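What follows is a pair of complexes built around subunit A, which joins subunit B in one and subunit C in the other.
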Partner chain A sequence: MPELESLPQEVKDQLAGIGTPDVVIGLTSLKSADDLTWAADAGKSGLNVLIAYPGGGDVIEFQPISGVRLLRYPVSAPERYFNAPASIFGSFLEVLQISQRLDSKACCVWNSGPQTSSAGIFAQMTQPVLEQKFDLVVANYIQAKWGALVNSSIICPLTRALYGRRIQFPMAVDLAFSSRMVARLIQSDPGSRLPRAQHWIATEAICGGMQICQAALPMEPPRPPESADLSSILAAVLSRIFSDLDRNASFWQRSAESQFVPIFGEFQIKEQDEVTVDVQQLIETFQLGYRNLTEIWGLALSPATLMELKKLVRVSPAEFRVADDLWVRVVFEFALAHRQRAINREHLLRAMTPLYLAWVASYTLQMQGPSAESFQNRLERLALTYENHKPYLLSRWRWPDRFNP
Partner chain B sequence: MKVPGSATDPLWFKDAIIYELHVRAFFDSNNDGIGDFQGLTQRLDYLQDLGVTCLWLLPFFPSPLRDDGYDISDYLNVHPDYGTLADFGAFLEAAHERKMQVMIELVINHTSDQHPWFQRARQAPAGSAERDFYVWSDTDKKYPQARIIFTDTEKSNWTWDSVAQAYYWHRFFSHQPDLNFDHPLVLEEVQKAMNYWLDLGVDGLRLDAIPYLVERDDTNCENLAETHAIVKQLRRAMDERHANRMILAEANQWPSDVRAYFGDGDECHMAFHFPLMPRIFMALRLEDRLPVTDIIAQTPPIPATCQWGLFLRNHDELTLEMVSDDERDYMYLAYSNDPRMRVNVGIRRRLAPLMENNRRRIELLNSLLFSFPGTPIIYYGDEIGMGDNIYLGDRNGVRTPMQWSADRNAGFSRATPAKLFNPVVMDPVYGYTAINVEAQQSDSSSLLSWMRNMIALRKIFQVFGRGTIKFLKPANTKILAYLRLWEGEAILCVANLSRFPQPVALCLDEFAGMKPIEMRGYVEFPLISVQPYPLSLGAYEFLWFELHKANLGVPTAQVSEKGDKYA
Partner chain C sequence: MWQQVSQALNQSVTRVVTRIALLLPGFIALLVALLVSWLAAWAVGFVLRRFLRSIEFDGKVARWGLPQLRAETGKSPTDVAVRVVCLAIIFIGFLVGMTAFEATLTSQIVSQMFAYFPNLIAALFVLLVGGAAARFFSRSVLIGAVNLNVQYAHLLSVGMKWLILVLTGAMALNHLEIGGKIVDEAFAILFGGIVLTLALAVGLGARDLVSRSLERQADRVTEDVETLRHF
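Moving on to the complex of A and B:
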């Protein structure tokens, strides 16, 4: 399969004079020299490290550290590879190419910026590759009751139900790869002829039969950029997931029960992370959506689902609950509508925002108060509902018909 | 370095869904009444949406068109009616962009009598290199054992040429003289033509009339060792320069004879399974599985890198050459009550009229096409149930314009109707006002929607294209039941060939403990045990099941199960 090469000659010339590092660490953004100084601490782990950082402006002055080399690389235009804001998914094709050219044993792509101890973090990320032959290490961030709810309500349980792997943050933006995985990601996809790195990395690894693990990191999941609104984030994330469903249909339709994915390190949970959520406003947004978006929802959702939503509009805020099976059906039916191209896909996915907010409102109401169950148990029940309802998605995927219950 | 094809898997053709079409009949972009490459390119989205993955184009080369383009007068160009080479290139690129491979015809047994090679040969002195491009004789009695193929029009395989003052050899029409493959320059020229199209990016070549390349005394001039040597040489030449391409053999022969065209994986990648096709129709009409199981039993294994090409209907007649005399008589009685439906040794009708427009019969036959071992080939228009016109000559009745809509000329062309290359079908049942793409696209219960769903379903399971087949033998012979097996995957297919509901008990004890899941609706059926597995099927109904281990598909994790959640 052809590989795509986007490194300029100047970088290739520089690489020719560099030996083989143990690890290539690729920073995908750089705000100041402090970022580099932080990353360079990785050299204290005793590994021979090359830090590749994005550039285009002035060369950054840097105090040399033993065992650490720096390389500046030009950033590819994100829209070349991603149909989503670069800051959500990152762009790291160049880093992978550098790693492959240098024949490094592991490659770590870091999107999250400086954290506590870089030596600890990079060791955590790369040791499973260097010492245990894993192909993909996915960051496992601190899990919080109110954090990363798009992940908790859709990405994580959907990945688990469809692809059969229990990865806490399947769309983590901090990743480490074996050379085998790097080689796969820079190959072009037979269909799109674009690098596989443009796809959702976790499912790419699952479908490619790669060994996957998670690295528990003492940091919260990266927040989406301030400039991005919820609708665009939701649309970008769902677009990526749903598009992959089409591409990987022959895999996920034959994958059955889910399997655990090992975690290295001490994972952390913030059960008591209380925040103030304006539930009333979320519910009103849902009700407004019901009034204005029924036509679009009608193209995606089955009559039974619409009926449930109609009932939901009428209930008092205190009784407002989105049942797990209703929520899962909503997600699955939007996935089906996305496949069927019932309407413009962007419009379709944005129309899901009020429904998502309804789920957040319901979740908030359930999780508030001292008697609330542990959020982990709550989300585990949701994940099981996704798994139990997978046959529903399968049947409607395999035999599309507008005449549904 | 080899020139890569558009596919990355060398065995792409095993998973393909091939769609056969004639550029002339598909869509007319310039309103001259004849379909063209620009028109075909405009309709690629339709084909992508249908789900087909490979387009097989009937001959589009310059030709006098006395045999629908199989009489080629220039191997290296496009017939001006259909556009230009640039149009072809744009089409090819657009098809590849949509992840579709393209297969074209390589008609090498014969040329048109208008080909410059033949015109040169008849003028050249006997024994000269130019003359010997074709097969000549002073007598028309040579090779008497060779049968005549077009029995309706030809009385001999030899025709007198007054310019050359000699007879020339032709296995098909008299205006199609056979090339002489004993002449090394002929093979050289054929290889040039092959490389020309492969270099342009074509993914597959259908070798037309392949058994007849070489003639020898005291033989029937079919399937000779020398012919196989030619095919091997073409394959070698292809493999030397090109990667991930495919050759499909048209050899209307018995399976044991066709088997030889796969060689040891060093001749053709694919070959049509001609004898299977009429037997599917026969089994349906007789409501008995025997004709199908019998011919599959007679089909020898083929190399792992090879594949059968399966079809229900194509651009030719439903050929009855590979059946017994009794079987042929039965087929004529069953499927061609009007003598105009017959041509040569076959029946010139499309699928829907052969099924008397019975939707369940059409679906049943397509379910067999999609689940038998091989690559399915769909003939254009059959996905919407197009009809035919038996009042047109030769096989033109099944080569009418594609019916896109209820507009003038079926939406095929804006030309004056009289200018169309063939009239559109206009009868009340199959006419374009009743049967057309536009109507069926907006109808989720249409045959087109059904075909699209079936194609998508088949594409999920590689076992259909790559697996083995094992027939079950239930007592009720109106039931055709078989297993498709590949790399641990097992699919059970059951079809009722009868027009009435039928019970059946299947012996599935080797799968005891497994759970059948009906594939279209993902519906779980009762577990299989060592006892016969009972099923009831409605008229012409078919069922496909995935066989799963009983404990799969049910999530086992517990809500509070923390111990094994983290390593």
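Moving on to the complex of A and C:
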């Protein structure tokens, strides 16, 4: 498979005189030397570290530290990557290329803000690769009852049910790779002719038979850009994971029960009480969606699912509950419609926003109050429902024309 | 006298029969041209259908934003494309057959039709693209407005659809050279009317939306309220 080389000649010349670092750290949003105070500690660790940061801004003047070098590289292929800042994908791919060219043992891509980085965190991210031969380390952020709901309601349980790995944050943007994983990611996919790094990294690693672990970090997931609205980010994230389902169909159709993925570090949970959420508005958006988008939903959802949604429109806000099996059917049926191109994909995925908000409203109503069950139990039940409904997705995936009530 | 009447009748019948005899080869040529064009259309349609299926034309059309074609016409995009091509071939055969009459008037009509043909194709293309654009943008507006919880979402979507359809219709009529200035004026009135309606709808409908948005901005500035996070 061809590798995609986008590094300019000047960077290649610079790399020729660097030698072989143990770790390449890509700080994709580094802006000033003030964010590199931790580098002195990294230099004391005894490892040779190369910190790569994307060009575009000013050249960062850096006080030389033994064992730490700084490299600036131009971004050649700016593109949005998940909810990370713009132009991150180009940076991402080039960090991997630098790591491979230098034959480093580990590569860490840090897409969260540089102010959250520290020598300890990078050690936590790269040690499983350097010492325990893992190929991919996925950041496991602090879990919160009212946080990362797209991940909790769709991405995490879907990855678990279909690919058989319990990764808490499959859409984490802070990752560490072995040289084997780097080599795989910079190759182009024969089907899409895009670099594998542009796919969903976690599923790419699972399908490639890589050893995966999680690093529990003392930080919350990075926030999406202020300019992006929920609908567009949700559509972008779903588009990527649904496209992966299509590409990896032969893998996930064969995968069995889900397995635990090792976690390094102390797993943290943020204690949260109540939140200020206008549940009524969430329900109203769903009801408005039902009144106006039924035609579009009808192209994706089965009659039985539409009937359940119709019942939901009529219930009072206090009794508003989206059952787990209904929600799972909605997600699976949208994945199927995405595959069958029943409608323009952008429209399809954006039309899912009111349904997602219905789930959020239901979850909020269930989790509020002192008598509510723990949110981990609640999400575990949802994940099990995803696993139990996998045969439904399988059957409709294999025989899409079969009648579905 | 009866002899003169009989002679006149004979001459009349002879003239009619002669005229018919003169028209008959042209008529037969027309039938043959139609038959040949029908056979050609069938063959081209067969090959085209197989080709479009091999390149998954329906899937590509869906990607371009025209997946509703099947729902609205009851036919797949492949069927529609094959039918359009077949009808065009039969129409060309009909024109070829018409020229076989060799009548000056027929030739003039046919030459004018051929000269008009590019306009017709351009108008059809404009209608096709305009129809697709109307459907695509009206749906985009509908979904976007619903996601923003705008109560007038349907009205905005319909307004957008008719805005594009009216523009498309006026452009198509211009290409067909039908109507002249009336079309321009009617278009200006209709387009202006729809824009005014939409402006009023947005002005009235978005009032709550704007105030909610400003409230959210104010909340963000004044206090760091603990709220739920989607990502």
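Here are some notes:
We take it that the second predicted complex is superposed on the first by the 375 of 405 C-alpha atoms of A that agree within 3 Å, B and C clash if a C-alpha of one lies under 4 Å from a C-alpha of the other, contacts with A are read in each partner's own complex, and residues count from 1 in each chain.
Everything that follows uses one rule, which is that contacts are C-beta pairs under 8 Å (C-beta built on N, C-alpha and C of every residue); 3 or more make two chains touch, one makes a residue touch a chain.
Given the structure is predicted, the values throughout are model-derived calculations rather than measurements.
In the three-chain model built by superposing on subunit A, subunit B clashes with subunit C.
Of the two partner chains placed by the overlay, neither subunit B nor subunit C lies in contact with A:K31. Once the two complexes are laid over each other on the shared chain, residue contacts for A:F267 go to subunit B alone; subunit C is not touched. Within the superposed three-chain model, A:A249 lies in touch with subunit B and out of touch with subunit C [touch as defined at top]. When the shared chain is aligned, subunit B comes close enough to touch A:E257, but subunit C does not. When the two complexes are overlaid on their common chain A, residue A:E387 makes contact with subunit B while staying clear of subunit C.
Look at A:R166: by the touch rule set out above, it reaches subunit B but stays clear of subunit C. By the touch criterion defined above, A:G289 lies against subunit C but remains apart from subunit B after alignment on the C-alpha atoms of chain A. Once the two complexes are overlaid on the shared chain, A:S395 sits against subunit B while remaining clear of subunit C.
When the shared chain is aligned, no partner comes close enough to touch A:R314: not subunit B, not subunit C. Within the three-chain overlay, subunit C meets subunit B in a clash at only one of the listed stretches 5-13, 23-31 or 41-49, and that stretch is 41-49. Residues of subunit B that touch subunit A in their complex: 4, 7-9, 99, 444-445, 449, 453, 456-457, 459-462, 489, 519-524, 546, 548, 551-557, 559-560, 564-567.
For subunit A in complex with subunit C, the residues that touch the partner chain are 83, 144, 146-151, 221, 223-224, 229-231, 233-234, 272, 275-277, 281, 284-285, 288-289, 291-293, 296, 299, 341-345, 347, 350-351, 353-354, 360, 364. Remark: subunit A residues 1-2, 166, 190-191, 213, 249-250, 253-254, 256-258, 260, 262-264, 267, 377, 380-381, 383-384, 387-388, 390-391, 394-395, 398-403 touch subunit B in the complex. Against subunit A, in their complex, subunit C makes its touches with residues 59, 62-65, 67-68, 71, 136, 139-140, 142-144, 146-147, 149, 151, 153-154, 157, 225-231.
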